[in-house]
Amino acid sequence: MPFTYNRTIRFSDTDAAGVVYFANTLSICHEAYEESLKVSGINLKDFFTNPAVGFPIVHANVDFFRPLFSGDQVIVNLTPQKIGAERFEINYEIFLTDVLVAKAVTRHVCIDPGSRNKQELPAEIVEWLESFRKEMEGMERRKAREVI
Amino acid sequence: MPFTYNRTIRFSDTDAAGVVYFANTLSICHEAYEESLKVSGINLKDFFTNPAVGFPIVHANVDFFRPLFSGDQVIVNLTPQKIGAERFEINYEIFLTDVLVAKAVTRHVCIDPGSRNKQELPAEIVEWLESFRKEMEGMERRKAREVI
Amino acid sequence: MPFTYNRTIRFSDTDAAGVVYFANTLSICHEAYEESLKVSGINLKDFFTNPAVGFPIVHANVDFFRPLFSGDQVIVNLTPQKIGAERFEINYEIFLTDVLVAKAVTRHVCIDPGSRNKQELPAEIVEWLESFRKEMEGMERRKAREVI
Amino acid sequence: MPFTYNRTIRFSDTDAAGVVYFANTLSICHEAYEESLKVSGINLKDFFTNPAVGFPIVHANVDFFRPLFSGDQVIVNLTPQKIGAERFEINYEIFLTDVLVAKAVTRHVCIDPGSRNKQELPAEIVEWLESFRKEMEGMERRKAREVI
């Protein structure tokens, strides 16, 4: 099951077209990522301020299906996945009362912030990723059983 | 009693100094204002998207006492006050676990968004302002009684 | 030849990791788009404020190769392309002293801002797109001649 | 004479009211500050990324006289002033074709970024401040002479 993040669209998210400025949609996704880390027990201040390891985004993409307005209450569903010893990817789906309004992906690589050399994902991130993987597998097994 | 807004400091709020970028503190205050309007029953989408009346900010000021970091859980206390037929002012105090980290003020004037001419505050805003005034008066009366 | 936009990285572009916040890279690309429209003679105020036609972004993607820091002087090379009667796409390449630091794409669809129905691209945008196409063709013809 | 910074209002500066989002006006002022430092010979990357001394803003205020729209070409006039061994203040005036549209102030204190203890302003900042002070005095002297 994905992690679920509730977010109210703020006036500062919008632009002169009256809707959320496109790039801010990715910021809202990043907030969901931060919240998911926090809920898994990670200290966000340590994680984002002078950390021993960093997770810069090397790729992002986003598709927009509907505009979002000030005051809209959206739900961001987030599913991360390990894609290598030093990499993970996060899928986001943004819903407004059951309608999919946007989809996004961010791809992260683990580095030493000083040298910017790649590093293996640390234990706390692997655990965070594992918690999603196990749930996914459990869901698939349940689905398979239902089919049988 | 002020309106209370809970907010987690996000990575996108910060700058290369590792703390919240100064101007973003005012955005966080504005979010508290939006939330207070919403709780009072105002439809934020109508209020902020092509509205019949607008409330542009004509003055803002902010004092910073402590830095804020990614992941910090702050509370914004908001108290609005009518300061004329066409104007109101909002006071904000941002707390991090009981420590005052910043104070801010925004002053708003009511206009016709087309002509940008000043207008009297509409009923829904006057009610919102009144709800705070009455509570304040109630508090002062209770305090006065306690003194007696 | 692409349109070239010069930009200094600002403190407000950065985050607590000390580098440009990923989503702000797309904002910098959008600035290049705005500047290109302006140089082609389009009035930006009319284009972005209560316009008769809008060009919302339906897809964006970005790849990051190097971090950018406060004060960095980057060049954004922009090449738009018509991809349908109602659509165009823009490719961006961000360079820091000849090193490619990021690549991005935005895909835009032409709509009536009121109904949000799709519309054919208006003349001024077609002209803007054509000016790039002609230059491209000219370049390819010159290259072909050189080969001969 | 103040330092002059030219800036085009960008779509990302605006909000759903069609004009510059109030807090972004302060970001535009901060850009002018960055540009002024750069022109005086200060390396912005060193200044803003892991610096030996920091200059957090302890107070900011801003007055808005006219709205600003996408595409508007504004001029920011900046005048800094030393206000103590560890402090300086910057005054900003934003003009749109000779009309004053906003005024702002930021007050900065010099600190050690590690301990966040106050420190004396370093030589390069004192020089930057002095260059404005001398020009000011020169202007006043010239004015005084004209009166005589």
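The chains carry the letters A, B, C and D, assigned in the order they are written, with residues numbered from 1 in each.
Note that in this section a residue touches a chain if its C-beta (ideal position, glycine included) is under 8 Å from a C-beta of that chain, and two chains touch if they have at least 3 such contacts.
The structure displayed is predicted, hence computed values, not measured ones.
Comparing the contact residues of chain B and chain C by number shows a mostly shared set, over half of all numbers used being common to the two copies. When the C-beta pairs in contact are tallied for A-D and for A-B, the bigger tally goes to A-B. When you average the Cα atoms of each chain and compare centres, the chain farthest from chain C turns out to be B.
Rounded to a whole number, the gap between the C-alpha centres of chain A and chain C is 26 angstrom. With centres taken as mean Cα positions, chain D sits 37 Å from chain A.
For the pair chain A and chain B, the distance between C-alpha centroids works out to 30 Å. Each of residues 11-12, 14-16, 18-19, 21, 23, 27, 30, 48-49, 69-70 in chain B touches at least two other chains. Taken as a contact graph, the chains are fully connected, with every chain touching every other chain. Residues 8, 10-12, 14, 18, 27, 30-31, 34-35, 38, 43-45, 47-50, 69-72 of chain D are the ones touching chain C in the complex. For chain A in complex with chain D, the residues that touch the partner chain are 11-12, 14-16, 18-19, 21, 23, 69-70. Within the complex formed with chain D, the residues of chain B that make contact are 15-19, 21-24, 26-27, 30, 48-49, 54, 56-65, 67, 106, 113, 116.
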